[in-house]
Each structure stands twice: as C-alpha cells, then as structure tokens.
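Sending over a structure as structure tokens; questions will come in a sec.
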Amino acid sequence: MEEKETGRLEAFSDGVFAVAITLLVLNIKIPGLDLLPGQLPNDAQLWSSLLNEWPMLAAYTTSFATIGVMWLNHHRLYTHIKRTNTILMLLNLLLLLVIVFIPVPTALVAEYFVRPDMHAAALLYSGTMVILAVCFNLLWRYASYHNRLFGKNVDIHAVKAISRQYWFGPLPYFLAFILALFNTPASLILNFFLALFFAIPPRLPRSLPEQSYQPSEPG
Amino acid sequence: MEEKETGRLEAFSDGVFAVAITLLVLNIKIPGLDLLPGQLPNDAQLWSSLLNEWPMLAAYTTSFATIGVMWLNHHRLYTHIKRTNTILMLLNLLLLLVIVFIPVPTALVAEYFVRPDMHAAALLYSGTMVILAVCFNLLWRYASYHNRLFGKNVDIHAVKAISRQYWFGPLPYFLAFILALFNTPASLILNFFLALFFAIPPRLPRSLPEQSYQPSEPG
Amino acid sequence: MEEKETGRLEAFSDGVFAVAITLLVLNIKIPGLDLLPGQLPNDAQLWSSLLNEWPMLAAYTTSFATIGVMWLNHHRLYTHIKRTNTILMLLNLLLLLVIVFIPVPTALVAEYFVRPDMHAAALLYSGTMVILAVCFNLLWRYASYHNRLFGKNVDIHAVKAISRQYWFGPLPYFLAFILALFNTPASLILNFFLALFFAIPPRLPRSLPEQSYQPSEPG
Amino acid sequence: MEEKETGRLEAFSDGVFAVAITLLVLNIKIPGLDLLPGQLPNDAQLWSSLLNEWPMLAAYTTSFATIGVMWLNHHRLYTHIKRTNTILMLLNLLLLLVIVFIPVPTALVAEYFVRPDMHAAALLYSGTMVILAVCFNLLWRYASYHNRLFGKNVDIHAVKAISRQYWFGPLPYFLAFILALFNTPASLILNFFLALFFAIPPRLPRSLPEQSYQPSEPG
C-alpha cells in the first residue's frame, strides 16, 4: 500500500474542526448558574429563560451542521490527496482560518432571523460562504493540477466529479450574497440548499461508454 | 489485516468528545482571581466560596462521567464498524451534536438538585438522553443492517449483543423522561442506572449450544 | 509487529490533555481589549496592568508544567500497555477527570503565593495531587497485574522500575498534604520536587547480576 | 519501513496547536447576542459595531497565521525526528508553552497598531518571538546532535538546510526586539518578514559538487 504523507495535516485539521464545532455551545448560557439555592427560578421562569435562548440554540445547531458538512468535504478531498508540500499546507491553513470564523456570522444570522428586513447578518454570512467556496476550490485545484498531489492509483472519475461539483461552487454562493442585498430569507434558503448539495457526494459522470464495467445508471 | 476506513471519523469524534468533556471545567470559577494581593479573602472565606461552587463541581463530574460513558460506547461500536459512507458520517455528526449539548442539561440538573419539587431540569436532561439513545440506535442500525459497514471477520455474537442492548435503550430512557414529570429524584436515579448499564459491555448470548467452543458461563 | 489496541484511548486522552493544558491561557486577560483606540492606556499603564497579571501567568506556567509531566507519565505507561478493556477505560477516564481539574487548584496556589500564612489553596492543591497519584497507581496496578494488558514482548525491567516509582508515589504526596496544614511554602516545595521526580524516567534496577548482558551502571 | 516513535508526541502537539489556533475566535464578540428580538440594532448600527471589532479580527488573523507557520515548522522538524526520549518531550512541552501564549502579545499588537508611538505591545510581541526562536533551536539542536533522534535513512542535506536556517533565527528576532524600543512599525515589519522566511522551506545547499545527481540550481 502506498504511504500517505498527509496524516499529520489531517490530524491537525481534525483538531481544529473539532474545537471549532464544539466552542459555540459555550454561548448557551445556563440560567441561574451563579445563584444561591434559595434564589433559583421556578419551573415556569426556567422554561421561559430557556426559550429565550432559542437564537443561540439555533446558531449552535446551524454552525454544527455547517462545519460538519465542511469537515465531510475536507475528508472527501483527502481520500484522494496523498502527498503534501508547503503550498498545500498554507492553502489548508487558509481554509481552516475561514472555517473557525463560521460561528460568528452564523450566530448573527440566527439572531437576526426574526428581522428579515435586516440585511447585514445575511450579507456577512453569504460573504463568508463565498470566501470558503473559493478556498476549497484553491486547495482542490492546486492538489489536482496534473494530479500533482494524488496517489498513483487515484480514482480519476471520482476526482473529475469533485472538480465539476466544486467548479460549480463559488458562483451560486456569490448569487446568494447578491440576493442578501434584496431578500434575506431567499438568500438563506439558497445557502441551505447549497450546503445540502455539498453534503451529498458528487455524482459520477453520467455516461462512461468507454469503461469496461457496465454502468449501472446510464442516464 | 483489513484496512480500516473510519480512522479520520474516529479521530474527529475523539477531538469533539475531548473538547466537550473538558469545557465544563471553565464554569468552575476560581474565587478572587481578579483581586489584588491585599484584597484576598482569608482561609475561612475561601473555603466558603469554594463550597458554594459545589453545584458546578457536581455538574462537571456528572458531565464528565456521562460523556465518558458515551465515548466508551462510541469506541465499542467502531471496533466493529470498519467502513464508512456519507450517511454514516452524517449520523455520526448528529450523535456528536447531542453529545456536545450534554453539559447544558447536566449543569441544570446539578443546580436544581436541591429543589426536587422542580421538574424542568430533569425533563430537559431525560429528554436529551432519549434523543441520544435514539441517535446511537440510528447509527448502529444503519451500520449493522445486513452487516453493511462491518469488516469481513466481524464478531457476529458481539454485534448481536450490542444490537440487543441498544434495542433496549430508548424505552427506559423514555420512561425516565415520563417519570421526571412526577418525581424528579426517581427519574435521575433511573438515568444513573441506565448510564451504568451502558458503561458495562453487553452480555454475550447466554446459550450457544451450536458453537464449537465450550461456553464458560452457560447460565 | 504486535497490534496495539489502545490507539483510540491514547488519541482521546491526548485530546483531553491538549485542551486542558491550553485552556488556562484564557484567564490571561488582554488589557484594554474592549477600549476604543482613543482610550488606550499608555505604555506605563499597560506595563503596570500586565505586571498585575503575574498570578495568572504563574498559574498558566505551573499548570502547563504539571499537566505536561502528567502527559509524559501517561505516555510512558502506554508504551507498555498494549491491550484494553472496559475497566482500563473507566480508570483512564477517572485519571483524566482529575487532570482536567488541575488548573483550578493551581490558579489558587499561584494567587495565594503572596500570602504564605493561608493554607486553603495549598491544601486543595496537595489534596488533588494525592488523588492523582492514587489514580495513576490504580491504572498501572490494574494493567500490570499478572501483565494483564501488556504485549508479549514487554520489557519486564522497565515495568518493574515504573511499579517501584509509582508505589512510592501517594505517600510523599500525602506528606505534602499534611505539611500544607502547617507550612504552605514547604508543602509547595515538596510538591515541586515530586513533580520533578515523576518527570524523569524511573531508574532501572541497580543490580542485575543474573542478567546475560553487562550492566553498564552496577552501582 | 522504520518505526516512528514520535506518533503520540505529534498527536498531542497537534491537539495543542489546534486548540491554541482556534481559541482566539472566542474574543470576537457577536454584537447584541444577549438582546431580545425587539432590541436588536439596525443594519447601520450592526455594521458599526462589527467594524469596531477590527482589532480583534486582525489579532485573530495574525495569531492564526503565526501559530500556523509554527505548526508548519514543527511538522517539518518531525519529518526527520523519528525517535523520542524524556528530554525531547520536555523541550517540546517548553515550545508548546510559548506557542499557546502567542495570542496574548498578538492581540496587544493588533490593538496598539493605531498608536505606533507606544512600544510595550511590540516589545512583548518581539520578546515572545525571540524566546520561541530559541525554543525551536533548542529542540532541533538536541534532536540533530550527532543525528541523535533521527532515523537511519535521514536526509542529511535537508537536515543541514534546516540547521542553517534555524541558526540564523534568534539573532534577527532579537534585532526586531531592540528595534521595538525605537520604532514600533519597523519592528513589526521585520517580524512579518521573518515569519514569511520561516514559512517557506529552507533552501538546500547551493553547491553539491560531490553529489552523484545533477544539481538543478547550481547558483
């Protein structure tokens, strides 16, 4: 089996993903934690203060989902990338810089969800997503250029499918960014479907007539 | 030896477990940390402020134990799961989402321990545990369906023992949830014994007469 | 080469050690971070507020050193422990529970360093160290009992050297605890030398006349 | 293939790097997070409070870049270091102690960027960098002394190139420290170029006439 050079790069990235995905739970305040036992709120008051925290709970869930899908994509790229060099490591750091920042715009979006006439939060969120899509593209283009950092037995079709899916990436995210100037909910819905689109693996090429195996889904 | 595809999934999960299990210590305030040397409380005052922190210390210990037992279960499942796909990774993310949330209801339960006439904290705690039991089941059912994601030499008996133990999971946690509506201490005690039950490994099948080896414990 | 079962246990422990060792830096406040540019303190004021943070800086350094030495010991034990079971994992969790708690008594000790007539901080610190020494002993005794969880080619002499060093552990830590009741500085100095003693690897047996190799240091 | 002993040392270091590089994002406050929906600021107010956070955003980016470059260097050293002992682990802990501290001086520098007549922040920052350069040198000198901790097939030329680059390290960082006494911007610019210099891999020896292969860049 071919040696994989990217072990430590992946371990470090996993650590950063893990810390970033966990940190937002710190924003969920625990009501009355610094009160003496005699001052504790009763059940009705506690439920009401817990319900008031819904923006943070929504932000926590959304950030978790967003960073989780990013981790999934990172994992998918590195099943093909086997070798490493300084430029790849710097591009990977750039990607992580944006990913660690995600909780900030996500919390803003969750908070301003009740005020769809406000655009700032949605603009910041979609802008971060545009930059993230560009960073993912840079990393993948650099690694896949002439199969530069792939192993010998790389799966060409899987690589091409990712390249096509990623090529398609920054443009619709930029559309969502422009949409945020006019219609906040529409922009967020588009972002949601784009996250879904990048969660599922890319479709393999539709027709592979020259292949030796029988394509199961020719259409 | 068979290759294991789940390395990065486990490493990422370990990171999330490690951050989640460590973060609650941040809630234990260090008394007088921002005071000048001349304003430091004396021994009697310090002991008293430390003793006032017992709810946070209890929450820290309980969260640590709960997340620790969950890690143990996660570890146990992945000794059998050897392969991975997008759905498994999404189910694993869902599980981690609930696990990272555990410190919130645990801190509430520790805080309201002195007021057993209050039900909100125990309800939130048992509710989280029901959802967690369902998530563990989803992950395990998906992976074990027709041995989908197991290795070739999977230990069928160990797998069956886990399936039986997990099948039994959500129902008693739901019972503890219902119990929390009427009797908070009883609900917490049931939850404690359920945690203990999932800490110990599942019992292997009682009678294996068709096996070639001599069962050491036939009863 | 013999397979090592403890990979994930070590990875999870490394994560917990890494988070715990890093978190205390959060207590080092950055002076004037929330001020507008026009309100920034001048150089003299900034130096003075930085100098006022020395207790936190001392706590950070001491915690880092303490947890670092504990990691070193954990690493040393697991060069011999190759197999794992539920009890080992629970004992390991117990050990991590105490290690994550270390920053709390360390910060108290650093803060009360200027008041050697106060005993509470030193008592809490030495008490934590006694419990930690007991936890390390439990883990090691359990794993080394009849070489239960060692590999086939375990280095008997290294194992015996660790057992002897650890056997010696809890008693002097308990002495430091008793000393803290009477003389805080003496207790802290004893704790410091004990940390040093456990940082260096255990000495191999002094005389091994029955061994086939030539002992380089017979005395 | 030769066994690598440093696996856990690298995993632990990766965890510390990952937590340290992620933590500073916690300082980026999310404006109005604790407000009720009716009290939310409007778009203009939100943009203004976000813009007021630029020092923390600058500190986050700079810390991320600094710690990222340090991780890259750490990774580079450990492609050659294959064996480990207690002294190496203690030197590695010393290095991590300084790295985890980096966010503190970086945040100060970002904050005082608007007041170039102040020297304290730049002095603390350059001083930390001097200590870091010394720590990296200690680690590398110790490991490379007589190839003490290298593998059998170590690449002598790559090792020599790193040694030469690192030998050059502490002096210019000390120059930047002295410069901070007189001219803050000049000191920061020098530090920036030094970070860049250590991000790129060291140049291999210029002339290798005795080598069997044709040097591609003889000048």
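Should a chain be cited, it is by its letter among A, B, C and D, assigned in written order, with residues numbered from 1 in that chain.
Methods note: a contact is a pair of C-beta atoms (placed from the backbone, for glycine too) under 8 Å apart; a residue touches a chain by one contact, two chains touch by 3 or more.
Bear in mind the structure is a predicted one, so any value in this text is a computation, not a measurement.
Student: Among all chains, whose Cα centre is located farthest from the one for subunit B?
Tutor: Result for max centroid distance from subunit B is chain D.
Student: Roughly how big is the turn, in degrees to the nearest 5, that lines up subunit C with subunit D by CA atoms?
Tutor: 90
Student: Under the over-half criterion for shared residue numbers, do copies subunit A and subunit D use the same patch or different patches to meet?
Tutor: Counting shared over all numbers used gives less than one half: different.
Student: When the centre of a chain is set as the mean of its C-alpha atoms, what distance in Å lies between subunit B and subunit C?
Tutor: 26
Student: What is the distance in Å between the mean C-alpha positions of subunit A and subunit C?
Tutor: That pair's centroid distance is 37 Å.
Student: Out of subunit C, which residues touch more than one other chain, so two or more?
Tutor: Residue numbers touching two or more other chains: 11, 14-15, 18-19, 23, 26.
Student: Under the touch definition given earlier, write down the residues of subunit B that touch subunit C in their complex.
Tutor: Residues 1, 10-11, 14-15, 17-19, 21-23, 25-26, 28, 30-33, 36-37, 40, 42-43, 46-47, 50, 60-61, 64-65, 68, 71-72, 75, 78, 199-201.
Student: Name, in rising order, each residue of subunit D that touches subunit C in their complex.
Tutor: Touching subunit C: residues 3, 8-9, 11-12, 14-16, 18-20, 23, 26-27, 52, 55-56, 86, 89-90, 93, 96-97, 100-101, 103-104, 107-108, 111-112, 114-115, 118-121, 124 of subunit D.
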